[in-house]
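In this document, chain identifiers A, B and C correspond to the written order of the chains, with residue numbering beginning at 1 in each.
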Amino acid sequence: MKKLRFSINNIATLVVLLVLLLVMSILSPVFFKSANLINVMQQVTVNAIVAVGMTVVILTGGIDLSVGSIIALSGMIMAKMMVEGDMNSVAAIFVGILIGAVCGLINGFLIAKCKLQPMIATLGIMQVARGVDLTIAQGRTVSGFKPFFRKIGVGTIPGTTIPVQIVLMLVIYLLIFYLLRYRKFGRYIYSIGGNEEATRLSGVNVERYKMMAYVLCGVTAAIASVVMTAKLNSAVPTAGEGYELDAVSSSVIGGISLTGGVGSLWGTLMGAMIIGVIKNGLNLLNVSSYLQQVVTGIIVIVAVLADAFKTKAVGRKKSN
Amino acid sequence: MKEKLILEMEDISIQFPGVLALDHARFDLRRGEVHVLLGENGAGKSTIMKILSGINTDYSGKVIYKSEEIQCKNVQEQKRRGISMIFQEMNLLRNLSVAENIFMSQRPTTKIGNIAWKTMMKNARKLLDSIGSDISEKALVSTLSVGQMQMVEIAKALSYESDIIIMDEPTSALTEKEVDNLFRIISTLKEEDVAIVYISHRMEEIMKISDRITIFRDGKYIATKDKTETTIDEIIALMVGRELQDYYPRIQVKPGDKRLEVKNIRQGNTLKNLSFYAREGEITGFYGLMGAGRTELMRAVFGADTIDGGDIYVNGKQKKIRSCKAAKDSGIALLTEDRKHQGLVLDFDLNANMSVTNLAKIMNAFGINSKKENRNSQQLVDIVNVKTPSLKQVVKNLSGGNQQKVVIAKWLNSESSIIIFDEPTRGIDVGSKVEIYKLMNQLKKEQKAIIMVSSELTECMGISDRLYIMHEGKITGCIDEDRIRNVSEEEIIKYATGSADE
Amino acid sequence: MKKMGKGLAFLLAVVMIFSFSACGNGNDQTDTAGTTDTTDKTNDGDPADAKADGDITIAFIVKSLENQFFTDAKEGAEARATELGININYLAPSGGQADIEGEVQLMEDSIIKGVDAIIIDCSDNAALNSSIKKANDANIPVVLFNDTVDMDDLDALGGHIDSYVGLNSVEAAKKVGEYCIENSEPGKVAIIEGMSGVVASTERVEGFKSALPDGFEVVASQPADWDKNEAYNVMQNILTANPDVSIVWAVSSTMGMGAIQAIEDMKMQDQIDVYDFDCEADDVKAIKEGKLCATLRYPTHEWAALALDTALSLAKGEQVEDAVYTEVQVITPDNADTLN
């Protein structure tokens, strides 16, 4: 099973990341400054957190296209609670995460119990959640949060310059990694992705674990929304649009196979970092926007090819 | 005798990474004969035939074909020479028609290079008729049964006017009728002086169809016997290199209480009001022809499929079994018929496959402990005797017999008290078969209740302590422990074909 | 990674169509207060000049109700309709901007209903063209609002539009640029673009740039996909590479707000003048708080009303200009108080 700590997959991704860091430092004198590196990590955080849940879902052989809408919806509701409902930050965050969990639960129900295709089901929820979000928002942004909430977005660990959100991201990664590697949950998730029917016939409640995966995905999207809303100091109705693509790309670049059952969560983190470093570099170097589209397209193609190549290479290696 | 020899392979050796797959092996073949090639998994019988058909080209040794020494360099060349191989997993393109498949590499063309469809269809029809097949040459391969696909493969081989046709496990997925049909075609081919190499594990078939039998063991040639001059026991002994006391090792254990009792199971048109029981310390067999509903019954008992009615009792208590998890929690295990796709996660290693039924066993306070897991897996591997280089080996690469053992290990890990084996020895070499029987006996001794579904009559009769026979969704017969030793094959077949008076 | 934008949005829309074709139309429909009856008219050649104003119905179809622009346009259009005493159906597809098929359906429904004129903001520059042609054939005047369509493609189909009521983005952006050079010292300029290749973005960028003389050097121009978070990150990165930037031009309000947040978090607000486009509520607030130097207001209410006027004239058979541009206004600290 390829969730070894450092399989060939992960080493390749790590090499790509290191090469990128090297190239960027050469091309731009400011890239390797600590201020910029911290910026990069911060810029990566929102996507990296979403990608955690997405990875778990993809490991089961599914996908969740609704995360962007969940980000918007949970963020908007949280913001309204705090600003119009005068709720305190902690309670509002709890509500936001609950919204994420509920959306995830609905996704999970449609996919695990009603046996809908994940792409179709989550596409539908993507529309519904966005619709609800826009209706609630009525086209207006909501801002003016309490300092405690803001701190999540801009605060640093006391005595250091390390932003809170980065720590939060790492904590989430550690926690979910632990779940995936050391708990039943993880074992079953990988097994479901490897062969869902064989797993069911081994006496595992496949439906329950698939639902849990989608709930987790909704929750991480909501957490990402907390970070983003705090950082931007406002909830925007059009937030999160297209964020599912970055999350999926991070996972795929990181070695998570879209067919399920393969890949390590740390690969996803590296994938998210690769994407973040590239974006950061493109900005620093002021690469023209047309060229950026080309770069984007190439990255997607490379990611998909790499996925196909790794699957084949692994197959070849194993058949000795 | 020499004049009738169409093929002589001498001193054939071939090396694969880490293993000498063939060690100065030899094989010869006469025109018009059916020559069975026999051996355990890894014996080299498929390997030598793959050399002959041009797939494995890196060999040393001499191949004399039609009195001329030849080099077997590639498949197309061998086909043109008249040597074709039909594989277990067939090489047909499902989206194309029968005729297109038959003439896949040699489409008849018109003068300007287009495909001459009419000619192709006509020729395909001729070939199909020559083997007595009524399949339409226009039919899409995806609509054919496995047996029919085999006919197409044979026709394909004939389209090359093959003088040697190699069949690798041709009957493993065929119905009885299709097997008879195949044998009829083989007779026809014999009459036309086509030589047939027949690789199989099925003893009854081998004794029926062969003229000569060659045994390989560990990559070496062991012996060639005339069918008329040998017995099954002798062949098996040559195959495994040791005397087998009992082909079907049977042990006596005093049966205990009813572990599993099933009453009035109904499922659509497939299962019609079935009741049976299985006791601890006993192997309860289920025999029947294809379509009898045995697999469906076991899946229903295991909660893999829903039922319309009926009750299940485990250890005397009624259980609601609506899911596999519920069945497992009640102590039932099912080793599915399709071990590769339903019993294993092929891309995962042994650890991952075996541990999934009992994660609690390998966990400590922190979580899954890899030392505990390795230890547990090693124990299981030792019990079932899986031959594998390591626990981290991906199960896709194991032989069929070893894969089946991994599945058994997985369910042993669950410590279930009722274990259902659905076709446990299908497609497995004799040596591994015996090991599996011995395992089942061991479980019997441990007072587990074993249920075995099998399509091999001799296996059912040889291993079961009690035997149910099914036909079209009903249990038509039940042979109890007092009769199982002396019941006749005919009687069981009568039950299986639904022609016994109730 | 840049979001894929239009292409993927269209693809997703197609997928959605196939999965939701059974869902029917959950389209937004609003009838103006009071005058809700829209009798089915069979269209016969002549426009409704014989009709009393009270019988005139105009369909106003927009891309979505996703942001303030469209909700403001709705208010403006409906208010004007009440003023004029005509009926208006203000419609948007349920799937938002990506639901091109939904918008097509709304247009075709309106044609069948026999409305007297159609005002439409097309979500795609070609997908609505055949519907426009259908409206032409039914003798229903078509007024384009805000977004343009591919005229060559429309021509090829044999269709035409009767008028365009829009925003001259280039001129509008130029006005902001002109204010900028009056208001800010010459220095290094950073531009935050919308989505690469999108006309609205390019026009705004070029318009602003065209007003800049030597001395105002554009050192960075990066796309942020109209997204606030993206704009925050882009601003952060631009300022890391160019810490001496003193002027920022963001081509939308959302992105402008994101840029301002980044500037504040980097404590560079004193050295940077920010200009943006759109004039949403956040912009006015930001101007009053001194965080934003100026924004571009296209008075959406008046713009929508202008579209309605144009459409009404056409419905009555009168002549109108081929293109009518709405007034724009640069909002600065001086006149921000006039807005709420």
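Just so it is clear, contacts are C-beta pairs under 8 Å (C-beta built on N, C-alpha and C of every residue); 3 or more make two chains touch, one makes a residue touch a chain.
All values reported here derive from a predicted model rather than from experimental measurement.
Comparing the centres of all chains, each the average of its CA atoms, the largest separation from subunit B belongs to C. Chain centres defined as mean CA positions place A nearest to the mean of all protein CA atoms.
In this assembly, the C-alpha centroid of subunit A lies 45 Å from the C-alpha centroid of subunit B. Subunit C has its Cα centroid 68 Å from the Cα centroid of subunit B. Note on chain placement: the centre of subunit A and the centre of subunit C lie 32 Å apart, centres being C-alpha means. Those residues of subunit A lying in contact with subunit C across their complex are 28, 30, 33, 35-36, 39, 43, 46, 119-120, 123-124, 127, 130-131, 134, 138-141, 143, 154, 228, 231-234, 236-239, 241-243, 245-246, 249, 275, 278-280, 282-286, 288-290, 292-293, 296, 299-300. Listing the residues of subunit A that touch subunit B in their complex gives 1, 178, 181-184, 187-188, 190-191, 194-195, 197-205, 261-262, 318-320. Against subunit A, the residues of subunit C that register as touching in their complex are 1-5, 8, 12, 15-16, 19-20, 64-72, 94-96, 193, 196-197, 219-223, 225-229, 232-234, 236-238, 240-241, 254, 257-258, 261, 265, 280-282.
Residues 17, 302, 304, 323-325, 327-329, 334, 336, 341-349, 351-352, 355-357, 359, 363, 366-368, 394, 396-397, 410, 414 of subunit B are the ones touching subunit A in the complex.
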